[in-house]
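Both complexes below contain subunit A, partnered by subunit B and then by subunit C.
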Partner chain A sequence: MEESLELVSAAAEKVNAFRHRVEQIRILPFPSENPKKLIELHFRIAKRLQVKLNEYYKDLLSATDSDIKHRILGDIKLLVNLVKRLAAELRFIEGAKVERTPWSLVQPVEKLAQKLLPGTRLIVRPQWHYNYGILEVIDTYKKATESFFDIKDKEEVFNGLPENIHILSFPGLERGNVLLHVNFGHEIGHPLVQQYLLKEDQNYLIDIRQEAAEATHETRPIFQILEVEELTKRVSEYRKKALQEILADLISVRLFGLAAVFAIYRISLFSEFFDNISEKSLYPPMRTRLRYCLDAIQWPQYSAALERTVRGLNDFLDVKNAVSSKIAQLQNLVRDKRDEENINKKIATRIAYRSVRKALPSALQFINQRTGDTAWHLNEKTAADVFRLVERLKNKVPPNEFASDKGGMKVGELAAIANAGWFYKLTYLPEIFKVDDPTEYFQEIDIINRLVLRGIEMSDLQREYVVFKGNK
Partner chain B sequence: MATLSTREIKVWQKKKYPDRLIITPLLEEEEQIKDNTVDLRLGTEFIITRRTSFPAIDATKGIEIEQRIGQYQERIRIGFHEHFVLHPNQLILGSSLEYVSLPSQLSAYVIGRSSWGRLGLIIATATAVSPLFKGCITLELVNLGEAPLILYPGIRIAQLVLHTVKGKGTYSGRYNCSTGPEFSKIYKDDEMKFWQEKSEPNHLEQLLLEARAEIEELKTKIELSKNK
Partner chain C sequence: MNRSSELKPEAFRYGFLTSKAARILYEYSSGNATAENLLILDRAQDFVSQILNGEALVSGEKEGLNPSIEALQAFHYGIKALNVMQRLHELKNRQELRDTLSDIQETLNAVKKGLSNGKRMPVKKLRTAADFFNVIADALLTEASEYPSSEMISRV
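Here is the complex of A and B:
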């Protein structure tokens, strides 16, 4: 009995320590309400688990049957495992405090995500791992606590809190690199892609199975069936991951236009999987992803819009030329087909990527439909807006607004500001870099990041203020 | 040198770069630019002073200040619709919400709003803004009143008075393109090297300074625990 009581005491210590950590994190400053909502959920779970543990303790004291005691002790161990897991996830919330995030960006990105999928809530936090990522937690917590809570407990714990909270992670090293954070567009695209994949017509499996059957060399019927099933399973996994990433890229391109392509290219520069599929995570090659992005941009139309706009605004010829030259460089990059050669080397990836190509038209239709209102196009009007925002940056002023042709000021859109930042960087920064003395280059990078971040924050405030004035 | 009238301020705002005067964002342009001044709002970033074991600030010890300024001052952010309490005799650095870019022919002065002054709030002791300055203006906020003051980012807190400059103005400032308040960079004054002590400070004196700082810290802790 003593051993059992020791276990209960140790469990109580852990739950108490967890609750104490939650209380410490509760008072941190955050750039939005969501971390506070999630910490509130942790707090409620901790409180309920304390009650649950007390119940287990009483049951244990009154139990006479050793099997029952054994079962209760097993439940206590499961409860402690849950606490350990929740405690580890407190890092998501702790990391989301103001000083560790690009805080000016948090609310504008959440607003964009909400336009894409109403009700979406985000917690933006850095991670040590060099990657961007997104993870929904509320549903996971509901499942993880299911065996401990009855209906009344569940109501007490989850009622009044958001239905979903997505943890949006970015590489901690890049906190201030606002232009790279255009990749948030890719991440907030993932929940939408998930919706598509859930409702996708499963007929593609027939094609995959048929191709797998044709590819197998096994002649013995039973083994042939097993091999085909195994291959179909692998192909489906490759296909799913490829679609997840490629479609999320294409959503980012819909939201941010060229800025998305440049940001994806930047993140791909040091990727281990530029031409290969990651065997561990099944990520598609970056070159393949870039090719799809460039196809989606429909550069001839963009180029024509830039060309026509620049005719009326001669000052921006150098900007237009820099952007065109970058696109030419990327087009050249994707003309190289090393990635496709690697994909075709393996039967599973060859079938998977063929299936991806077949799926794309209907997937794109779904995405275009769902991103309709949020899509951003580089037409003559928006190109002129971007050029004027570049002019602000050139004069070292935040690109939150610009003087419109009609007189008065026009507030810049998030995508236009991001594109202005990239256009400016492509046009003016490379010339500044000097290997012997890069100080000036780094200062310029710092200034541009700060000005763009400021531009995003102020334009968001200006829009919010206009709504407030309208409602007054 | 002449003060710009409301109408002239608006004329300068419409000029082409690089002669354009920029004050952005102006959430209530008509309200903010009037009576020959521009109302400035309080930004969201602040630098607050900590009571730490940092013994004293010696402006001649540039590297030391640069390395240890984080021990003495801390940058915080208060979001819109949140508040900050400025206690009596407390100094904090804030900044204007507006980003200001002055052309070479204009300079400016930052002054407090009398309504705030009457509550004890003193704003902006470094009042001159040179031609060609670009950035959010750092405001030194001190509460000289008896009661704590609650401040909200976004409230109109100071005023900018703009002047024309005879000839072309220059700016060699250290706070260019700032988007929030800046730590003091007084140690970057070249002449500090001339004025600093010829010999290292007395070791005992240094120990005494550190001991005093620790006593101060302990006192604060005791007071805090009493308040609890």
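Here is the complex of A and C:
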């Protein structure tokens, strides 16, 4: 019994430490409502955890049966595990301070996410880990505590708080690399992909199971079931991860056009899993993902639009050539099919990716429908906008607006500004090994990133001002 | 990522559920029909239904199938538990497996009624159902304490 009571005591210390930490963070200033709401949720959870632990303690004192004691102690250990996880997630809130995030980008990205999925709330924060990522927390906490909190607890904890908050993380090392942050388009695509996966017809599992059964060799009935179960589960995990990543990429391409492809390619350069599937994270090979992205942009149409625009404006041939040359390089890259060979080598991935290919047409239909108004396409008109924004970058002016054909100034769209940044970089910033003095190169990159960031911020303010004026 | 999270919500969700269900079954006595206990037993029944759904999917059944990832996951937990309880080796075919799971579900139903009407429950059946949930709860406690190696699950 003494050991059990010590466990309760240690658990109480942990819950108390968690509550104390939450109270410290609660008084910090935050730039937006979302971190405040999330810390409020943690505070309410911490209070309820203390009450629950007291109840467990009383139950333990009165329990006489060893099985019941075992379960109470199990519940306390699970509660402590929950505290450890929640405490680790406090870093999401602490990291969401203005000075650590490219703040001018946060609002436009959140607006874009809300266009994709109304009601989406974001907390943007840097992470030490080198990657972009997104995860939803409120619904996750609700799910995790579904059978832990009773009905009254749930009301006290979750009432009056948002339905969702997504933590959008970016590599802290790249804070100022706005062009790379086009990858936010991929991340904000994940909640939409999740919605698709939730509504997807699950009958694909029957086909997967059939193929898994044909691939197993066990003959004893019960053990065959075990083998089929394991393979079916593994295949469905590969499939889910592949669809999540490929579809999020395609959403990013819908939102940002070529800029999305260039940003994903930049990330892929250092991927350990360019041609393989990660056994741990199950991520699809980057080469496969790039191939889907390139298919999605329909380059012949884009290329023709660029061609016509260059002719119409009688300028920017160098920009068009630089972009075309980069696309040609990427097309060459995806002609290599090493990734597909690796996928086909293993039974589980072969079945999974066959199922992915089958699912893609209806998944794409869903995505195209849901991104309808938000999608950005490169056509003669938008290409001209991008070129004019490139012109501003050449003159070291933020690319927030440009002279319109009809006279006056036109505010640049987020995707057009991002594409202008990438087009400029591809055209006028030669690779570092081609320059004599790298310092100048780094300075130039820094200037471009800052100009693009400022362009995004100013254009967002200009649009808000138009709405404000319209409402008056 | 749905999406999966660092928190492993499924491990906590089913962990607390199976632990509470086991406790209700171990503590079974009439007059204990609180709304919370009945809700837990309802959810435990749904969970066993999912295990049965998962079994039907994995066994290649064609009729009345309701396939889902959740059912597959529930079946995974269920069959591992029967293995730990040394019950799997005794089963000759899938019908016996389904019978075992259906027995647990019937016990849950009987307990729900028994909590209110004071009817005595067959001890062996009660014990089997309680042990089943107890084993799953222990397995999920282990799963919940395993940290992922990377900081974020869903990423570029």
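For the reader, a short list of remarks on this structure follows.
Everything that follows uses one rule, which is that the second predicted complex is superposed on the first by the 358 of 472 C-alpha atoms of A that agree within 3 Å, B and C clash if a C-alpha of one lies under 4 Å from a C-alpha of the other, contacts with A are read in each partner's own complex, and residues count from 1 in each chain.
The definition used in the following text is that contacts are C-beta pairs under 8 Å (C-beta built on N, C-alpha and C of every residue); 3 or more make two chains touch, one makes a residue touch a chain.
Please read all numbers here as calculations on a predicted model, not as lab measurements.
Set side by side, subunit B and subunit C differ in how many residues of subunit A they touch, and the one touching more is C. By the touch criterion defined above, A:304 lies against neither subunit B nor subunit C after alignment on the C-alpha atoms of chain A.
Contacts of A:5 after superposition on the shared chain: neither subunit B nor subunit C is touched. In the superposed model, A:68 lies in contact with subunit C only, and not with subunit B.
In the superposition on chain A, contact is made by A:451 with subunit B only, not with subunit C.
Contact with neither subunit B nor subunit C is seen for A:17 once the two complexes are overlaid on the shared chain.
Put simply, subunit A touches subunit B in their complex at residues 29, 31, 98-99, 103, 391, 394-398, 400-401, 403, 447, 450-451, 453-454, 458, 461-462, 465. Those residues of subunit C that touch subunit A in the complex are listed here as 1-3, 5-10, 12-13, 15-17, 19-20, 22-23, 26-27, 35-36, 39-40, 43, 54-55, 57-60, 65, 67-69, 72-73, 75-76, 79, 88, 91-94, 97, 130, 134, 137-138, 140-141, 144-145, 149-156. Against subunit A, in their complex, subunit B makes its touches with residues 14, 17-18, 20, 22, 24-25, 27, 75-80, 99, 101, 134, 176-177, 179.
In the complex of the two chains, the subunit A residues touching subunit C come out as 65, 67-68, 70-72, 74-75, 77-78, 81-82, 85-86, 88-89, 127-129, 131-137, 140-141, 143-148, 150-151, 169, 183, 186-187, 190-191, 194, 197, 202-203, 205-206, 209-210, 213, 221-222, 225-226, 228-229, 232-233, 236, 240, 244, 264, 267, 280-281.
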